[in-house]
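Labels run A, B, C, D, E and F following the written order; every chain starts at residue 1.
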Amino acid sequence: MATLGLIEYKDASPEVRAVYDDILATRKTDYINNFWKSLANDPVTLRRTWEDIKQIMAAGALDALTKELIYVAVSVTNQCGYCIASRTASARNKGMTDDMFLELMAVAGMANETNRLSAGYQIQIDERYKV
Amino acid sequence: MATLGLIEYKDASPEVRAVYDDILATRKTDYINNFWKSLANDPVTLRRTWEDIKQIMAAGALDALTKELIYVAVSVTNQCGYCIASRTASARNKGMTDDMFLELMAVAGMANETNRLSAGYQIQIDERYKV
Amino acid sequence: MATLGLIEYKDASPEVRAVYDDILATRKTDYINNFWKSLANDPVTLRRTWEDIKQIMAAGALDALTKELIYVAVSVTNQCGYCIASRTASARNKGMTDDMFLELMAVAGMANETNRLSAGYQIQIDERYKV
Amino acid sequence: MATLGLIEYKDASPEVRAVYDDILATRKTDYINNFWKSLANDPVTLRRTWEDIKQIMAAGALDALTKELIYVAVSVTNQCGYCIASRTASARNKGMTDDMFLELMAVAGMANETNRLSAGYQIQIDERYKV
Amino acid sequence: MATLGLIEYKDASPEVRAVYDDILATRKTDYINNFWKSLANDPVTLRRTWEDIKQIMAAGALDALTKELIYVAVSVTNQCGYCIASRTASARNKGMTDDMFLELMAVAGMANETNRLSAGYQIQIDERYKV
Amino acid sequence: MATLGLIEYKDASPEVRAVYDDILATRKTDYINNFWKSLANDPVTLRRTWEDIKQIMAAGALDALTKELIYVAVSVTNQCGYCIASRTASARNKGMTDDMFLELMAVAGMANETNRLSAGYQIQIDERYKV
């Protein structure tokens, strides 16, 4: 199921279980997905990644749904099958409607196209855009 | 300045000028950037790309700023220098604050990281995420 | 099983079989994997790719295991499912422990994250790093 | 000018000079570009890469110009600035007209867009396309 | 079968069916593939994408087969499984022979390799290639 | 110099300065590079990223130099100009010789090539490699 297998809750060390508990509480769910069960083979990475994601994905200047949409757009650009599946589910969970999904795909597709037109035409940056 | 040069407004054919005029009117600006001046070497691609972008980037189920943020996230993932410069300017223009920019970067960076963890650990898609 | 099928040892031409024999001898294995069986549809590419890999992956200034780790990191970055599966097996074969794998993933993930932060913040290269 | 500098013809070892001479003769030019001058820091990689490229890029079932176009499309997809500049020049040299360039860009851009739509919509492969 | 499911011809709205009919007529086939059936969830994107592809992929300065080869090369570079499967079938349909396929792979592979050598060696663009 | 500018040590808040001090002490250097000066616009991301990198890049099951090599290989694959420049310098600092660099490039280039051959030939994963 994954290179080093999946660590189920019942088999987890107290250290891992503490992270699982925080995931369950923060996300108000009773399900730990395969991403976390895989990372649990490395408790330090598990904790670090979870703490980072919890902080980064929380509503701030950008709301939580907008962040999920950005996450999906990146995953789509990178062709990450697992991430597209799990983050699309997550985005829906946070309120992404079908219409939002369709527009998200359209923008991500278009950006990927114009990224290549810009590079291929060797377009230099306009003076006014320089930092 | 670009593989086939830039077509300035004063040198543009009526066909190209019509697109330029629509860009200026739609964006309420007096500036045509290098992207369009490059594409203008191919009036068919210029018109098609502009019509597509105008339709895709207009507010719909997602507001215009959210779409700009997604555009920047994709451009950052693809390492497109021109696109990052021009779309960051565009996003600011639509209301992206410094705090929004910083959170956008954090999410895009994190998604790029977990995309690789997911692939590298060879994590299979959870049954509940399958479509 | 692959676009042009897999060429098994018993069905291989003498030209292909010579490469297979060298793979088996060099790798001290009795197994030819699907990558080579696919390339065998093009004996010139098969030989060229094998000769290149044999030369490049042999211990030199970098030991063979370090090279395998680098190979996995690239494959993970590119989201190449076949390559991740086969090169992870290959790296284990050369001595990669679970702990090494976990650290490899952490570094590859982090590099992918900071690559985007660097691009997204449009950070210019420090004078001292310029070549 | 490059991480390990550029090796000019007059400073090259006989081993490197032999490759340079073959490049000059094969390409019917009197110019060695920075790519080869950089690789020359590693004569083994220089020779291997040149022999590979000479074999791969020669006219075969695909003509030499078509191969150049493919090379540019890949370079554009990867956002490789050096490669886009040098291979676009090379493609022009082999007969790429402005119109061909423009169509090449349009196809490369479109493919990059639909690659993401396909991944993002999680489209499963049609039975008839399976290998 | 896809995030929002597949829209079959019999269930399609007149708007979607009109696009399907044009695809069938233009491609002289009786098969609508999963890509279009997925996009059909968004009739505007379906029409736009089809009109774009029809225009871009039609023979012009580049013949239709060359365009298919470029499409495959981009899809291979991006690791898009669906696109590789469907566009390889499409290229064969337009006349790609096994030998052409093998050379296409060799060129795409080589370009991906040298793209990284160019970036990794930090090679600056030759004066004569600058635009 | 960067989207939100660079925060110099003398202008840094105590919070940022604390991170800078830890970077200087950990790396035994008197130089803060542009990456950190850019991130300093977001003290939370600065601290998180630095803590993560410090933990991940420290010698463990893999030595510090091997980790630097992996970092460079990923940056080269992603075509991140800033990262290639800064991490190549960093790897040299940790002991990467010219010969190691040349082999690193050869492996990264080859992996990028075979990643595409594997995807392009649609090679299915060998039973023995499945997890």
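What to note about this one:
Operating definition for what follows: a residue touches a chain if its C-beta (ideal position, glycine included) is under 8 Å from a C-beta of that chain, and two chains touch if they have at least 3 such contacts.
Here the structure is a predicted model, which is why all the values come from computation and not from measurement.
By the document's definition of touch, common neighbours of chain C and chain E comprise A, B, D, F.
Between chain D and chain F the CA-based rotation angle works out to 120°, given as a multiple of 5.
Two copies of one sequence, chain B and chain C, touch each other mainly through matching residues, since over half of the numbers at the interface are common to both. Taking the mean of the C-alpha atoms as each chain's centre, chain A and chain C sit 27 Å apart. Centroids of chain A and chain F (each the mean of its C-alpha atoms) stand 21 Å apart.
Shown for chain D are the residues that touch two or more other chains, namely 1-4, 45, 52, 77-81, 85, 88, 102, 104-106, 108, 110, 112-115, 117, 119-122, 131.
Contact residues of chain E toward chain B in the complex are 1-3, 44, 48, 52, 55, 131.
Residues of chain B touching chain A in their complex: 1-4, 31, 33-35, 38-39, 45, 49, 52-53, 56-57, 60-62, 66-67, 69-71, 73-75, 77-78, 80-83, 85-89, 97, 99-100, 102-104, 106-108, 110-115, 117-126, 128-131.
Here chain A touches chain C in the complex through residues 3-4, 41-42, 45, 78-81, 131, going by the rule given at the top. On the chain C side of its complex with chain A, the touching residues are 79, 88, 98, 101-102, 105-106, 122. For chain E in complex with chain F, the residues that touch the partner chain are 72, 76-77, 79, 81, 84-85, 88, 104-105, 108-110, 112-117, 119-122.
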